[in-house]
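Below you'll find the structures, each written out as structure tokens.
Across the two complexes that follow, subunit A remains constant while its partner is subunit B and subsequently subunit C.
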Partner chain A sequence: MGVCGEGIGKVKKTSLVLLLLSILFWPLAGVAQLTIEISEGVDNPIPVAVVPFANRSVTPLPEDVRQIISDDLQRSGEFSSLDVSRMLGLPSRREELQFRDWRIVGQSYLVIGDIEYSQLENKYAVRYELYDVAQEKFLTGQKYNVTVEQLRDVAHQISDRIYETITGVRGIFATRIAYVTLSRDDKGRDDYRLHVADADGRRAQTLLKTSEPILSVAWAPDGRRLAYVSFESGRPAIYVQQVDTAARKVVSAHKGLNSAPAWSPDGRYLAMTLSKDGNADIYRLSLDTGELKRLTNHYAIDTEPSWSPDGKSIVFTSDRSGGPQIYWMGPDGERQERLTFDGKYNARARFSGERSQIIYVHQQNGQFNIASLNIGTGEQKILTQTPLDESPSMAPNGRMLIYATRRGKNGVLAVVSLDGRAKYFLPSSQGDVREPSWSPYTY
Partner chain B sequence: MKQLFDELLAKLQQTIRDPVNRLPIAGSLALHVGFVLILSFKWEPEKNAPVFTVPEFIQARVVDNSVIEDLSKARQEKERLAKQKEADKTRAIEEKKRKQEEAAQKKRETEQKKQAEEVARKAEADKKALALKKQQEKALEEEKKRKEQEQQKAKEVAQQKELEKQKEQEKQKALEKQKELEKKEIEKQKALREERERQLEQQLRRAEEDEARRQQERKNALEAQRIAQETARARVAYEESEVARYTGLIKERIESKWRKPASANSQMVTMLLIRLFPTGDLDRAEVVESSGNAAFDLSALNAATSVAKYPVPQDREVFEKNFRQFRLAFSPKN
Partner chain C sequence: MKKNVMMKTSLALLVSVSLLSGCGSKATKTDMEDPSSSAYGANSSGALSAEELAAQQAEAMRRAEAERLARMADTKVKEQSALREIRTFYFDFDKYEIKSEATLALSAHAAYIAANPGVKVVVEGHADERGTKDYNLALGEKRANAVERFLIINGASRAQLESVSYGEERPAVMGHEESSWAKNRRAVIVYQ
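For the complex of A and B:
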């Protein structure tokens, strides 16, 4: 009887506890959970600390990997890299991490790593790790085994990985740029050179040296070839050259104009401007078959074609309206439509990486600037403020563009991000710089 | 004496003439007649020795109490004299009777002698004498009766008057008493009425007070209800205001930490579930609804976890209800 009573008592007690609990949590269950909408953020760059990579070997390192990464991130305009002097510790391993130290100095992300040189392999083992300081969480990391020549590449690739992990956009730090410089040799002759360099302007290589102008440099989608116009033969011709081997060939040398080559996204076609038929019009050349197809046929000048990323549209410049304006058409020249209506001069259009947006040179108040146009909404935005901007070329991630401008007497290359956060000039020691072209992804 | 008698008689006549007294007098007379008749049966004179009594007159007159007292004394004196006279009379009668008996004895002796001759004559003479005597006696008797009746009547009248007076007095007294009683009754009634009125008034007042109290109670209840409702409303308003305030503060704090990644677009939404300690310290932040973009989710998590201390209300209930666990919806406007 006593046991039975105790059992009932226990049941009652349990029921009571359940009842109390349900009463306690009733409001939580009944009331809709509070949801706070977060729609605005800060435009401030994301604070990231890139700790100097520990050198696990006795020999000094030929490259400062930490500095390359830090500069890359900083240059993007989307990150602010913490100065080493402000760091409270220099950890290189996970077990050495004190996240509090990084919170104190206001860092959101932390990059640590080390490099170990193997004399046996003559290679460097580069390891990095990316952490979320606030969450105290490992985000990504990788180990590379590279030669000394590849150390910069690895550093740029690490930058790309960090950038992509945090922003969701593929990084362009390991991409390259091509450009043309003009200088005068000892005898006072023009010295045109075609260069290829890292996206940060370092490790520039000369692909072509000529006393005649080099124009309209265009990277092939594979990132291994360049198309350009050279007057080296006395008249303009379009060349395609292998970047690595310097091997090249003429792909178009028609009578009259051979200019403004533009690669189709699949790399099988080149759109170009030819005047072989009497008037400057746009043609499409099949690199596989050599077949040439005329896409425009207008008494006005049609030039500067550029393919959309999906290959379904080609934008071009035409003065058929009386002045240069941007038009677009289908890949076979169909449905030609004018896109720009603002201003008397709009030229040299390029898709920004999306089909809905183009960038181009826009004249306004006597200045030539780079502008963007949303094709859907017609909204135009001026991206640059320098006075004589030309030849815009989009980075493959669509976040930045490189263009030529004047700085003092010399032409220089400038980079600007589409959100306006990043603006910088590329260093150049080779006189007048022009005709930049941003490579596609190289890996 | 005669004058007194005349006065009495006059008064008697006046009394009789007075119409007011007629009925009582008549009643009294009838009573006296009756009384006399009864007495007459009792007082039937002895056939052999008729007794003549001098009628006794009672002088009656209307006097005041002092006079009555004098009269009473006089009457007593008179009665004593009358009794003495009566005794004298009785003695005289007895003497006469004895003499008569002696004469009669002698006469009887004579008569016994002359019986024969004179029987007839005597008988006749006796008869006549007897008749006359009877007639006289009757007259006397009647006179006596009449006087007695008159006396009686006067007496009765006086008594009656006295009675009436007494009655009048009693009546007066009764009237006064009645009046007194009535007055008392009136006063009593008045007092009762007043009492009733007072009670009524009191009842009314009490009722009014009760009503007032009830109204006050109702008012109090309504007021309490109003206060309760207002308190509840105020509480709700307070909670809403606190929630709005701290929602704003948290939003501000998070937005100051959130760096929208380059890949963000307005279609992306990352929903985080935030669990806080009552101190505002973050217990846990987790993605409950991903945007599909790892960097965007990361940016949201990073922002949410970057806030060192969440601003939370001091009110524990408001905290428990709203901020112990809530959601952060990250979605860029542009």
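For the complex of A and C:
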């Protein structure tokens, strides 16, 4: 089995970091858990069978790796995972495979594997293999040697590999999301919390707790820092916080607005909205030198900057035409040009992962939805149908986006694929959830 | 915290209102006492001459006029303080122009702030929940700035004023329909 052993060193290195993480972020009491509710998938999802991983030791396994992989693939909307009760056999090794058994139940792909616990090392050896059923062909596989805390990480990484091998697009199951919850304590006081969780909503950690608003959460391109706006001093200020150590600093606290921080792709600059010179304009702060450069200078509102992946453009919202519309400009504020013309309200644009497409909040028929615009052709597509959608954030593979919406009385997070076909909700066990930000790749 | 500020503000208002009306009544009292003491003196010296009668009549008229003016001033003070009880000003969706119905109350605040240089005011700007959070933060600031500018044009000093926008983060009303949204698109004058 030539695949065994690949990538083990890499996993070992991260294990120490993860161990430290788990100590630092001993789950705080009352962390709001997000759950997943799938509402829509594609019409013809790819059928995949994920066979329960065989346990090669006597110790019961602390995580159901098969279930995590199955849930990941199902959640993407692009796969349907075969129920275990419909499986005609439960192979875990190549020599046990009967491809006919999987063709009969209509499967295109098959995932098998096993887990062996080593008491000596206090580690789990996780091995998986992916097969093409029709061609009876081995596609990929890997073996990992990990601690109990890393079992979920490994399961998500296996999902990523399966997704990428079959679709050709990198998976996002091992990424994370940051978001803000708002609930009210016994005395009716606001309780804002900033959280980081796995992309499936599990393993949530609280990074900040305050009675004042938190908003505009943005992952740094290195996936290790967050920028956000907090009112904890009584005024809006921009903070940058290390996700691992929770260490943080104020990077902008001018008179008036300090809002909408946006990282440059190289992580060296933050574009932001300040009103210290009298009116909301966009500035660019160098995190290395502290130098501040003003990029827009208009008596109208200019806010919500976001960099293109190549760093050569910044999109922003301006009401200089009378209502909010999306504009773009060069990284020094040059060549300011309007991009959206359809409707009276278009705001908070983000690039979808390439220069030619943005996603943003669009108002039509009294509803606020997430829309996409092809900058080249001017073609606009409405991606969501819920009534009060805001704060879209792209997944790093450019296929899915997460946004905030209302369902009944509560603010919830929702995920939709850019083609509009797959969709799921991430409601919280308590209070409102808002201001999601999808992490970049972290491994 | 918010409640505290509001209580402090209304206390400050009560105190200032009672101080003002106290001044008014004192002025009327002196006006009334003066002529009555002189009339006493006139009585002790016996019958009144024609000049004395004319003087008394003139005095009575002067007194009535002073009382009328005092009453008017009093009414004006009460009117102004009643106007200053209006501290929340509403805006249309995605707009930051002050509505015409707000100007009377805003003028009363401006006059009061101008007449009391020690007074400090924070103008809070808010937006309803629709649209994007950062745009709403800027929109709230535009609303607060519009109120601030009105107060300055009408006599308040810039040094007495400060503005802060909460965007859509601090709704006055929790509902998710137009009647609630209308109450949340606002600027609020908070006396410190």
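Please note the rule applied: the second predicted complex is superposed on the first by the 399 of 443 C-alpha atoms of A that agree within 3 Å, B and C clash if a C-alpha of one lies under 4 Å from a C-alpha of the other, contacts with A are read in each partner's own complex, and residues count from 1 in each chain.
Here is the rule we go by: a contact is a pair of C-beta atoms (placed from the backbone, for glycine too) under 8 Å apart; a residue touches a chain by one contact, two chains touch by 3 or more.
All values reported here derive from a predicted model rather than from experimental measurement.
A.B. asks: Identify the partner contact of A:Glu78: answer first if only subunit B is touched, second if only subunit C is, both if each is, neither if none is.
C.D. replies: In the superposed model, A:Glu78 contacts subunit B only, not subunit C.
A.B. asks: So, does A:Ile301 touch the first partner subunit B, the second partner subunit C, both, or neither?
C.D. replies: A:Ile301 contacts subunit C only, not subunit B.
A.B. asks: Have a look at where A:Thr181 lands relative to subunit B and subunit C in the superposition and call it first, second, both or neither.
C.D. replies: neither
A.B. asks: Regarding the shared-chain residue A:Gln336, is it in contact with subunit B (first), subunit C (second), both, or neither?
C.D. replies: neither
A.B. asks: For A:Ser92, using the defined touch cut-off, is the partner it touches subunit B, subunit C, both, or neither? Pick first, second, both or neither.
C.D. replies: neither
A.B. asks: Show me the residue ranges of subunit A that touch subunit C in the complex, using the header's touch definition.
C.D. replies: Residues 213, 215-216, 231, 234-236, 256-257, 259-260, 273, 275, 279-280, 301, 303-304, 317, 319, 323-324, 344-345, 347-348, 361, 363, 368, 388, 390-391, 406, 434-435.
A.B. asks: For a test of understanding, state which residues of subunit B touch subunit A in their complex under the given definition.
C.D. replies: 243, 247, 250-251, 254-264, 271, 285, 293-296, 298-306, 308, 320-333
A.B. asks: Show which residues of subunit C lie in contact with subunit A when the two form their complex.
C.D. replies: 94, 129-135, 137-139, 141-142, 145, 163-167, 169-170, 176
A.B. asks: Which positions of subunit A touch subunit B when the two form their complex?
C.D. replies: 27-28, 31, 33-46, 78, 103, 108-109, 132, 134-135, 139, 164-169, 399, 419
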